[in-house]
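For reference, the structures are reproduced in the following blocks.
Across the two complexes that follow, chain A remains constant while its partner is chain B and subsequently chain C.
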Partner chain A sequence: MTEGDFEYPEFYSFPPFFTIQPVEATRQKQLALWRELILKYHTQNKLKTLVVHECPLWKNDSIGRKLDETAVRTVCSDLVDSGHGEWLDEEETACRILWRKPEELATDVYEWASQTGNVGGGICTLYELHSGEDVNGASFEGIDEELLRRALAILEDEGKCTVFQGETSSEDGIKFH
Partner chain B sequence: MEDWSPFYCLPRAELTPSGLLQLDTTDHEVLLLRRSGVEFRHEGPTPMAPRPRGLPPSERWKNTTPFEMVLTITTHRFVLLYKHDRDNDESQGTGRNNNSDIDARLVHLSNVRKVEASGGPSLMSPNSSYKIVLTTKTYDTLVLVFRNSIMGGNSSRSDRDQSLRELTKALERKRWEVASRLEQKKALEASRFSSSTLGTSGHKVGLDRILAKNKARHQENAKLAEEALSGDSEHLLTEAAELLKVIQKYTVLVQKFEGSNSNSDDEEAAIKLKGLLSDMGMTSALSQSKMAGTGPKRYRSGAEEQRLNDYHELTARQVADFLVPRLRKSGKGMMSLTDVYCLFNRARGTNLLSPEDLRDSCALLNEGLNVGLSQRTFPSGIVVLQLDELALSATNYEARRRFIDLCADGKTALEASHSLQLSPLLAAEQLEEAERLGWLCRDATLSTVRFYPNKFVITF
Partner chain C sequence: MAHRRRGVGVGRTRAGASRPGGSVPASGQRRTSSAAMPSSQMQIQMPQTQDDRLQKKADEMHALSMQSALDTVEKLQVKLADFAKKHQSDIQDDPAFRQQFLQMCAPLGVDPLVSQKGFWAKTLGVGIGDFYYELAVKVAEVCFSTRSKNGGIMALAEVCDTLNRNKARRSSSSSKRKSGKKDQLYSKGDIAVAVKKLATLGGGFRIVTVGTSDMIVSVPTELDQDHVEIMALAQDGEGCVAVENVTRQLRWNEDRVERALALLLQEGMVWKDDYHGISFYWFPSVWKEKMAIEAGAQ
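The block that comes next holds the complex of A and B.
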C-alpha cells in the first residue's frame, strides 16, 4: 500500500478540524480524532516514526487548511500523553508511533501464537514474529523490534513465554507456554 | 389569602405583564404619586364585605391590613399593592408570570366623599402615626397609615402630606368625569344652538332679528371670556383630550403601516411617527423624587436606601414592560444595555433616567423579579438584556437547532448577524456562547473565524 492510497476520513475535510477548539469537551473529541487519524495513517502505511516537520497530515490542500505550529505541537503531545507515541529525541522533532500499545501488542502476539499452534510447541525467532511468513496480516507485521521486545517482556512477566538469547538479536528465540 | 381584612374586600387592579399598574389610557389616567410603607385600615360598624365562603373558622375579621403596602395614586383611583413573599408562598413559585406574586387592589376616587389629614405626634399621644382619613360612599371610613418613620427620619409626614395633596387635587379635578362631561357639554351646546336659531327665526324679523342676533353673539363672547379667565385647568384638559385623540388616531395609522409592510418610504415614515409618539407616550414616567421623594444621593439613610431600591424595582418593571414586547416582536431576543438606555430614555422623553439608575435597575432583573427579561454579562464585558425564552441554555433545544441550522455551511459573526438580527458584536457573543455550550465549533483562519456545527460531538 502506498501513501496515496490512504483513504482520509470524512472529518479530514471538515475545516474546524484544523483549528484547535477552545472549548474543552469539543477539543477532547477533536484530539481523539487526530489520534485515530495518525495511528490509522501510520499503521496502514507501515510507518514507524512520525517526523514532525515532514508529516503530510497537518495540511489538507483540498480545503486550504493546515494546522499551525502550536496546533501540531498540541496534537503530538496529546498523542504521546495517550501512550500511542514516544519522542525519539529531546528536541521532540520525531516521534515513534506505537501502533498498538505494548499491552495490546502482547495480547495480539499471544493470540497469534495460540492460533498458529505455537503455544506449548515450537520455538520461533524474533525475526519470524515481525517479518516471517506466518505473521502475514497480523497487527504486528513489520513492527519495530524494540516494540516487539517490550510486548514479549510483558508476556514473560505473565509467564506466557520465554525468550532465549540468540546469536544476533533477530535470532532470539521465543517459546510460548 | 391569609386574612379576611379590608385589603381583600377591594376589587383587584389590573397589572401589566411585569407587574406594573395598568393605567386606563383611553380615559387618560395618569400616575401621580407612589409611596411605600402604607398600612390600610377600615373603620365602620360592620366588616367591609360578607365573610367569604371557605375561609377557615380560625380566620377572623381584622379591621386593618398590617403588612406594609405600596400606595399608588393616579388621577382616577388609588391602588394598594402588596407583594407576596415568595418564600412563604411556595404554591405560586411555578408561575412565570409575576402577577401572581403581586396583589393590587383599588379604590376609585369617585367613591371618596372627603379626604382629611389626621394623626401625627401630639402631646397626648407622642407616638401617633401620620394618617389620611377617607370618607367613602360605600366603605364607611378608610384610613391610610404612613409607617415609613420606623426606619428613621420624618419621611412619613412628608409622605402623608404629599399623598394628601395629590389626592385632594385629583378629587377636585374629577378627571374620570371629564370625558362624560365633555360629551354632555357638546350635546347641550348643540341643542342650544338649534333651539336658539329656531326661536329667533320663528318670532323676530327685520331689525329686531338683527338686534337679537347681536345680543346672542355678545352673550356667547362673554361666556367665552369668562371661561378663559376662570383659570380652571379643565378647559386645558379638554383640549389635551382632543390632542390625545389625534395621537391615538396616528397610532392606528402606524399600526396599519406596520401591518401592510408596503414600501420602505411608508415604513420610514411610520418609524418616524412612532418615535414622535413615543415621546408623548409613557405618561407614567415618574421621576425618582415623585416616586419616593429621595433627597440628594450623597446622604442616604436606611429608609432612603429602601426607597431607592423600590424606585429601581419600579424602573426595572417599566423597562421590562417596554422591552419585552419589542424584543419578542423583532425576534432579536436581546439588546445591549447601551441601546436599552437610549431607546428607553427616548420613549420617556422627559424625566430621563440616569445611566447609573438604569444599571442598578437592570441588575434587579436577575434578582427574582421574574418578568421574563434578564441581564447578562458576556465574558467580553458587554452587558445585554435578553428574553428568558430566547436565552441560550443547555436545555433550550429550539435555540440549539436554530444555531446548528444557521451555521450548517459555516458562518462568520458578520454573516450570522443578518439572520440573528443582531449587531455583529452581539452575534459574535451569541456564537461563542453556542460554542461554549458545545453546539458549534470554530474554524479560525488568518482572515476570520467561521463557526460550524459541532460535528466532533454530533457526527464523528
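The block that comes next holds the complex of A and C.
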C-alpha cells in the first residue's frame, strides 16, 4: 500500500478537528480520534517512526486547516501517554509508533508460528520474522526490531520460544515451542 | 365485537333512526307542516306549552345522531381490524403502508402502538408496537454511540441512513434468507414514531426542527429558541457560524450570541475552529448531514 491509498476518516475533513478543543470532554474525544488516525496511518503504511516536523497528517490542504505547533505537541504527548508511542530522543523530535502493544504483538507472533508449523522446534531469524516471505500480510510485517524483541521477550517468559544470539542482531534465531 | 350501545336516552326511539340525513322520528310526523318551516318562525308560532316537548325532541334527535356516529366509529374499528389482519405483512414490512395505516387509526382514537396485549396484538401477530419498540432501541443505540462526537444532536436523516445501512449489511451477510423478499427499509416517519416512543421514557429524546431538517436530540439539555436559530443559521452555510455573522444576521448583541454558543460548546454540540484569527463554531450534526447530501448529489 502506498501512502496515497490511505483512506482518511470522515472527521479528517471536519475543520475543528485541527483546533484543540477548549471543552475537556470534547478534547478527550478529539485526542482519541487523532490517536486512532496516527496509528492507522502508520500501521497501514508500515511506517515505524513519526518525525514530528515531517508528518503529513498535521495538515489537510483540501479544507485549508492544519494543527499549529502547540496542537501538534498536545497530540503527540497524548499518543505517548496512551502507550502507543515512545520518544526516540530527548528533544522529542521523533516518535516510535507502537502499531500493536507488545502483548498483542506476542500473541500475533505465536499465532503466526502455529499456523506456519514453526511451533514445536521450527527456527527462524529475527530478520525473517519482520521481513521474510512467510510473514506477508502478518500484523508484524515490517515492524521495528526493537518492538519485535519485546514481544519475543514476553513469549520467552511464557516458555513459548527461545532466542539464540546470531552473528548480528538481525540473525538472532528464534525457536518456537 | 359486541355492538354495545352508547350515548344517553336513546333507548325508546331507535327503530329507523340510524338512517342518515336527519330523518324525522315517528312521533314528529303529526307536525310535519310546522317542522318544515324555518326554525325562527317555528318558535314564534309555537305555544309556550310545546316548548318543553320541542326541547325534548331536539335532545332525542341529538342523541340519535350521536348514537349513529358512535355506531359508525364502531363499525370502522371493526373494519380497521379486518383490514389490519388482512394486510398484516404489509403493515410490518412496508414503511409507506405502515405510515398510512397509522394515519388511518389516529382519528379513530386507536393507537395500535400502545396495544402490546389484547385485541391489536392478537390481530397483528407480533404487534406493530413491538416493531416500533425494537426500532426505538436501535435509534437510541445509534444516538448514544455518536454522542461524544456530536453532543447528542443528530440529523434524523442520518440516523435513518445509518440504520438502513446496518440492516442491509446484516441481510447481505446472511445471504441464505429463506424468503426471497427483499428487506424493506425504515422510513423517516418510522424513525419519528420511534423517537416519540423514546420521549415517553424521559431522558430528553425529542425531535427539533431546524430550518429544513429534523434533528434528533438525545440529551436532556434544554435548548431554547436561540440555540435552534443558531443551528438553522449554520445550516444555511457550511455547518458553522461565527459570532460576527450571528450578530449581523439575527441582530442580536454579542452577549446573547456568546451565551448561546457557550452552552452549545459546553455540551459538545458545537466544536470550535480557530481559523485566521476568527473562531468558527461547527455543528458536527449539521456538517455531517451536509456532507451526506453532497455525497448523494455526486
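Just so we're on the same page, the second predicted complex is superposed on the first by the 177 of 177 C-alpha atoms of A that agree within 3 Å, B and C clash if a C-alpha of one lies under 4 Å from a C-alpha of the other, contacts with A are read in each partner's own complex, and residues count from 1 in each chain.
The rule is short, and it goes like this: a contact is a pair of C-beta atoms (placed from the backbone, for glycine too) under 8 Å apart; a residue touches a chain by one contact, two chains touch by 3 or more.
Keep in mind the model is a prediction, meaning the values are calculated, not measured.
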Simultaneous placement of chain C and chain B on chain A, clash or fit: clash
Partner chain(s) touched by A:Phe18 [first = chain B, second = chain C, both, neither]: both
Touching partner for A:Glu133 - first (chain B), second (chain C), both, neither: neither
Partner chain(s) touched by A:Asp89 [first = chain B, second = chain C, both, neither]: neither
First (chain B), second (chain C), both or neither touched by A:Glu167: neither
First, second, both or neither for A:Glu7, with chain B first and chain C second: neither
Against chain B, colliding segment of chain C, chosen among 22-30, 148-156, 166-174 or 184-192: 148-156
Touching both chain C and chain B, counted on chain A across the two superposed complexes: 10-11, 14-16, 18-19, 21-23, 25-26, 29-30, 65
Chain B-touching residues of chain A, taken from the complex the two chains share: 9-11, 14-16, 18-19, 21-23, 25-26, 29-30, 33, 65
Chain A-touching residues of chain C, taken from the complex the two chains share: 148-149, 151, 240, 265-266, 268, 271-275, 280, 282, 284, 287-288, 291
Chain A contact footprint on chain B (complex, rising order): 410, 435-436, 438, 441-445, 450, 452, 454-457, 459-460
Parts of chain A lying in touch with chain C, wherever the complex brings them together: 10-11, 13-19, 21-23, 25-26, 29-30, 64-65
